[in-house]
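A, B, C, D, E, F and G label the chains in the order they appear, each numbered from 1.
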Amino acid sequence: MNVIALVLCFVGALFFFAGTVGLLRFPDTFCRLHALTKADNLGLGMIAAGLALASGSWLVAGKLGLIWLVTMLGGTTNCYLLAHALFAARPNRAPDGESV
Amino acid sequence: MYGILLAGAMAFMLLDAVRILPSEPSGLTGVVDSQMANSGVEHPVTAVLLNFRGYDTWLELGVLLLAVMGVLLFQPGTDLARVQPLARSDAVLRLATSLLLPLAVLVAGYLLWIGKYAAGGAFQAGVVLGAALILLWLSGNATLVILPPHGFRLILVLGFCAFMAVAVGLLIAGQGWLELPPSQAGSLILFIEACATLSIAWTMAALIIGLQPPVSGKQEGGP
Amino acid sequence: MTQELAYSMTGMLLFSIGLFGVFFVPHILRRLMAMNVMAVGVFLLLIAVAKRNADPNPDPVPHAMLLTGIVVAISATAFAVGLARKFHEVSGETDLDGEGP
Amino acid sequence: MTSWLPLLVLLPFAGAVLCLLVRGRGAPAIGVATSLATAALVLFALWSLQTSGPVRVQVGGWGAPLGIDLAVDGLSMIHLIMTAVIGLFISLYANRYYDGYRGGQKDRARELFWPFWLMLWGAMNALFVSADLFNLYVVLELVGLSAVGLVVLTGTRDVLGAGLRYLLTALAGSMCYLMGVALLYAAHGTLDLFAIGALIQSDGVSRAALMLMVTGLLMKTAVFPLHFWLPPAHASATAPVSALLSALVVKASFYILLRLWFDVFPGVTTPLLGNLLGLLGGGAILWGSLQALRQKRLKLLIAYSTVAQLGYLMFLFPVTAGMADGSSLWLQEVSKGTVCHVLSHALAKASIFLSAGLFILAAGTDQMSAMKGLAERMPLTVFSMALAAVSLMGLPPSGGFIAKWLIMHAVLGVGQWWWAPFLVIGGLLTAGYMFMMLRPAFLEPDPGPGLKPVPRLLEVCTLALAMLSIGIGISAANLLNLVMIGNPFSIPGGGW
Amino acid sequence: MGNVYVILELFLVLNLLLGLVRVVRGPTTADRILAIQLFGTTGVALLLVMAHRMEMPSLRNVALVFSLLATLAIVAFTRLVGVTVPPATEAEGRS
Amino acid sequence: MNLHEWLPLLILGSSLLTGICIFFLAEEQRGLRTFLNLAGAFIKLALVVYMVVGMARGETYETRFPIVLGFDFVLKADSLSLLLVGLSSGLWLLTTVYAIGYLEHWKNRSRFFGFFSFCVTASVGVALAGNPITFFIFYEFLTLSTYPLVIHRGSVEALRAGRTYLWYTMAGGALVFTGVVWLHVLVGSVDFREAGVLAVVDPSLYPSLTLIFALLICGLGVKAALVPLHGWLPVAMVAPAPVSALLHAVAVVKAGAFGIVRVVYDLFGVQFADQLGLLTPLTIAASITILYGSLRALTQDDLKKRLAYSTVSQVSYIALGVSMIGATATIGGLVHLVHQGIMKITLFFCAGIFAETVHVKAISNMNGIGRRFPLTMGAFTIGALGMIGVPPVAGFISKWYLGLGAMASGQPWVLLVLLGSTALNAGYFLPVLYRAWFRDPDGPWHEEGPVGRLEAPWMLLVPCLITGLLSLLTGVFAGADWSPLSLARIIAMKEYLP
Amino acid sequence: MTPMAWALDGAIMIVMIVLAVRLLLVRDLYRAVILFVVFGLFMALAWVRLEAPDIALAEAAVGAGITGVLLLDAAKKMSRGRGEEEP
């Protein structure tokens, strides 16, 4: 049980790492946005699942699930809002600037 | 440059001071533990905050009240009634808000309730609720936030007044100054905390929203 | 060197940095942030002190003091931001001229 | 029977809340009523203290290390009375003042003055009765925020800039104070003012705490060279507010300083620190006076006068620093003199700021050049100004004289004669700027638009305060005996 | 066992540190805001792990609150501040 | 408390309350104001007479109550204070009458008379003060109450004079304050007592005491117009004539001189002061002042200025008298306190009459004025001759005793000073008399309104004549039991008969 | 205290100090505000490390929510024209 939990956690952490690397390495804001939200939400989900397994309590598991859902909801909204705002701001500016 | 020197000297003095702080405990843990049974709650921090040192908390609510008064000083009418509303947001944010808001209310209630047993309490609950109100306002729907002036001000002073009311009530009942009788301490604390949560929530909202410019139109007086 | 001591010392450094900022940085908002940094310095010391006797729980009194302190800090910050924005609106300035904070 | 003690705090706060809820014309009425009630309560408290001696109340019934204690002795009581008397007169004055006021946000100022002021009053009462270091911090913040709120009431550029500067300084000051509290708690595990005094030893922690707390409180008290925020704030606020700030608010933080000096840090203070503080006082006297002499605006002059006058308070420290014997005659004397100066300066400065307010009401400006002929047209106002000036100059028989006498006496008595020139020259410089201020009033008035009439009641309030500042000189013996109830200046440990 | 979770925590903190690089470099405020998003999620994860390892269930509440409120700053940013795009690519902030 | 304890306070109160009441009178309530003024003056005089009679019977009058711990407020009547109290209360009555007439057409009379009363209160307080602290209180009160009188005209010039006056007197006050506080620190609360109280202190304190003496004398010397601290006095001439009269004759200058007397006699004790070697410098300072004042007076054309410099010179006779060892010199100094007051007030009254009725202020315009004002000029002549020291006018008595005293104390050079001063006095007064009596008028006088059947309004003329007559009578009847000379003799005896 | 825990604490402490210094000195106001928000996050971690969940809770709520909004909004209104980067 604990081993599975740990593995889940570490895989989650790897996703986080991937997101962060994406945030660092990708060329423009849109890509960073994309990489980050996807990877992080996934990572958090795995860690939450792992910890829920490790805790062995339904109550805790429920709470972890709730936290995951809330984070996803927030993250998605944020992602959308940022992207939307960026997109709206883009056409007025220099054509195809690589950095936004 | 001499600023850095000054800060350096200060840092030196402080570091030197903490270096020689005694490492053995000299706090009040023991005293708090010995009185926990009489406090009406089970979480020591809440007990200290609302019972042992409740006086401080009352005054702290006063500070909060003053801050919101100071912010609203520049709003006509000292309330949020004439704040320029934000444009209606797009559907995604509205949807998210409509999902997050009830959740936040739930979480606030949960934090308020759990304050009796563990970390949590009026302030944290109030801030969560206040954040939800701000989110609501940000999504362009401010009807719930911007109450009618009298009601709005009443909510702002509610927490501060709840403390006062309890204190006066206890004085009339012959108790000492803010002396909660152990048997009713729990419910009194819950009452105060509930009122304070509401106050803090609207205060937090007003601290942000009150800073927005008022609707254009003649501003009162003017230099 | 214990964990508490390390955090206390961090607090002391933060306090000094904040003090410097409050007095010697021009922009009002930055001064406010510096003030908050100062507050964090104090808070760190208090909490570190509370943890010193973590048997079984940290000392709750500094925790309660801290909660009060946080409320006071956010109140004061909000008030100051309000003043600063109004000041900026009326005068167009972001710094307080002349000496001192 | 000590139920008056919580009421001292409750009553003004309740009034403030009511004023906030009841808007419009109702607020001033509630404000004045609350002021009257609070003043009456303080009178009762005085009677109670005199009949039954110093009081200590445990908030919540928990007792010192765990809960918060409130303590009232003579020193607290004299400050409570000072606040009540001046507060009452300022309330009466403000009630009519804003009617005639011309300037930004008049209506708002008229309404919101009350909740802020009553909060301030409650906070100051709370401050004077508190015996808990952290509680004092919270109260200090209450005082600071409400004072800043009062300053910025009219919302003009000047007040906003001044208010911000004041707020930032006050916040930095209270942070320093709080750091001191944290260090003391870390070392001694209690927050009780008097308990720590018994535990404290002169080590690095205590010294650091002392330095921090003293610095923080000096910032709030506006002691040279940390006074920079005071002149703009006190000069640009409306007159009742200036009076409140100069008379009462700066004294509140000084009160804490006194308490700390005598009750918490007696074993830690060194003559070096004392002399340093004395030097700051001397600097304040010279610098503040010289600045005052350069001013063209009435309220700025008065504000710089406050900077200078606060300097006199600092001579207490060199005289008492490192004194082992609490019953020393000189210690008693300099403490009494300092308290007397606090009182007489508060009364005189309140009066003089209120006079300036009357002049502004009448003339619409506070340029001193516009004061020509004032002595003829507003004799009562000029008379109160002159009376207050007498007290500030420290001329007999005013309270200022008694204060200066006692301080001078103690300073010479302990052989620190080098402070004497500061006192003497300070008096002369005060005379210099005070007469510079009064001088135009006696000139032939310019022909031109006359002065608007001001309500007689306001003039009476002003005069009453000025007369009181003279009067306390005559009844100084009784007042100073009152201060000694509970022996607040006893060096070792103190407490009950 | 505890140590393993500490490693996990360290790893997440490392993530945060890396995210800081983006905050420092920018180049636009939107990028920095994005980093805040990263901090929000990573912080929640970190809190959850800590809650488990240190056996402090309260920390899950902290994480909950954190996840709820992390949204706020970004919503406020887009709604109040708004995004503007610089006319040309700036050299990445080296300061 | 019985009457004996209240009487000194009552004497003060009679003018203090008058002053306070007058402040609240409207400008038009002339009759009431006059009544209050005169009533106050008469009551005070009556009280003083009662007290004098009582003291002659051996009663003592003392008010004492503590203000702060170790700090008593003491009013006490002794023979020395009687000298100044009598002078003040007597001359106040006359000056009040004169001032009422003088200020007929001025503005702000209520303010003027209010402070006028305060001023007399202060000078009586100075006289009655029983210890250095009380003395200082009234000394400063005097400064404050005279300042508004000096600037009463409200002109720029008056205000400038007021500022000069204030700087000098405040600085002097500060010195006295320092001295008094220091003294209190060293020896505790001490009351004034004949023959001094300080002789008993520890010799280790002697250097401090010397410094205190210097502080006190310098501070008092400002009001007593000792050179070089006299700068304010000629400038303050812009004040209305009654004020000048008061300043020079009873109040300010006298307070300074009286203070010096108190310090030397009743605080240090003349023998102790001499033992400390403090008196010779004082003698020298006084001598210099006497000569300097007279010299400056010679060159003044403005009558009041000339009189002012004359005051500088004449007041120092008092200091000179007290600074010399020996009863005779003491008598000369003390009696001059009274004599100079009476004579100088006469001269100022006259100068005021000239200025107010015909606008003559400069001596060069006084040609033939004696024909227009025979009575006034007669009084002036008496005063001037007295100043010169012509027998039998009062001034002669003073100079005679001073001269004898100088010989007795073994300082014959002082005699030269006196002679020189007398010559100078003659030098600046005789030309005035000559012009007034023996020159023809330059032209018609610029009359200021009708003056009635007399040469000047009676309220101005009568006080002037009375004081003129008094200057003569105190000289002629110097040997009488109730003359100032007798009183001075009593005081001197006490001082030298420990 | 294990070395791991030390590394954790050390990272938090160092980051806090670095952030505090940088947010005062960094030219761009927005960047300063964002650094402050991040500072708040690390503060919350510090509270957790010091076993103060109450404080962490309050800090999370205030620091992540209120302070950020407050300062971001103010920074928008109070940026200087010159010398500050585009938002």
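The rule is short, and it goes like this: contacts are C-beta pairs under 8 Å (C-beta built on N, C-alpha and C of every residue); 3 or more make two chains touch, one makes a residue touch a chain.
Fair warning: this is a prediction, and the values are worked out from it, not measured in the lab.
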- Computed over C-alpha atoms, the centroid farthest from that of subunit B is that of chain F
- Work out per-chain C-alpha centres and flag the one nearest the whole-protein C-alpha centre. D
- Provide the C-alpha centroid distance between subunit D and subunit F, rounded to the nearest whole angstrom. 42
- Message: On a C-alpha centroid basis, what's the spacing between subunit A and subunit F, in Å?
- Response: 97
- How big is the gap, in whole Å, between where the Cα atoms of subunit C centre and where those of subunit D centre? 27
- Distance-wise, how many Å sit between the C-alpha centres of subunit B and subunit G, to the nearest whole number? 21
- Which residues belonging to subunit A are in contact with no fewer than two other chains? 70, 73-74, 77, 81, 84
- Message: Could you pull out the residues of subunit E that touch at least 2 other chains?
- Response: 28, 33, 35, 40, 57-58, 61-62, 64-65, 68-72, 75-76, 79-80, 82-86, 90
- Touching two or more other chains, which residues of subunit F qualify? none
- Name the touching chain pairs, would you? A-B, A-E, B-C, B-D, B-E, B-G, C-D, C-G, D-F, E-G
- Within the complex, which stretch of subunit D touches subunit C? 134, 137-138, 141, 144-145, 148-149, 152, 155-157, 160-161, 163-165, 167-169, 171-172, 175-176, 178-179, 182-183, 185-186, 191, 226, 228-229
- Item | subunit D contact footprint on subunit C (complex, rising order) | 8, 15, 18-19, 22-23, 28, 31-32, 35, 38-39, 41-42, 45-46, 49, 61-62, 65, 68-69, 72, 75-76, 79-80, 83-84, 86-87, 90-91, 93, 96-101
- Item | Of all residues in subunit E, those that touch subunit G in their complex | 3, 6-7, 9-10, 13-14, 16-17, 20, 23-24, 26, 28-29, 32-33, 35-36, 39-40, 43, 46-47, 50, 54, 56, 58-59, 61-62, 65-66, 69-70, 72-73, 76-77, 80-86, 90, 93, 95
- Item | Sites on subunit F touched by subunit D in the complex | 23, 66-69, 71, 107-108, 111, 133, 136-138, 140-141, 143-144, 148, 151, 154-156, 159, 162-163, 166-167, 170-171, 173-175, 177-178, 181-182, 184-185
- subunit E-facing residues of subunit G, complex: 2, 4-5, 7-8, 11-12, 15, 22, 26-28, 30-31, 34-35, 37-38, 41-42, 44-45, 48, 51, 53-54, 56-57, 60-61, 64-66, 68-69, 72-73, 75-76, 85-87
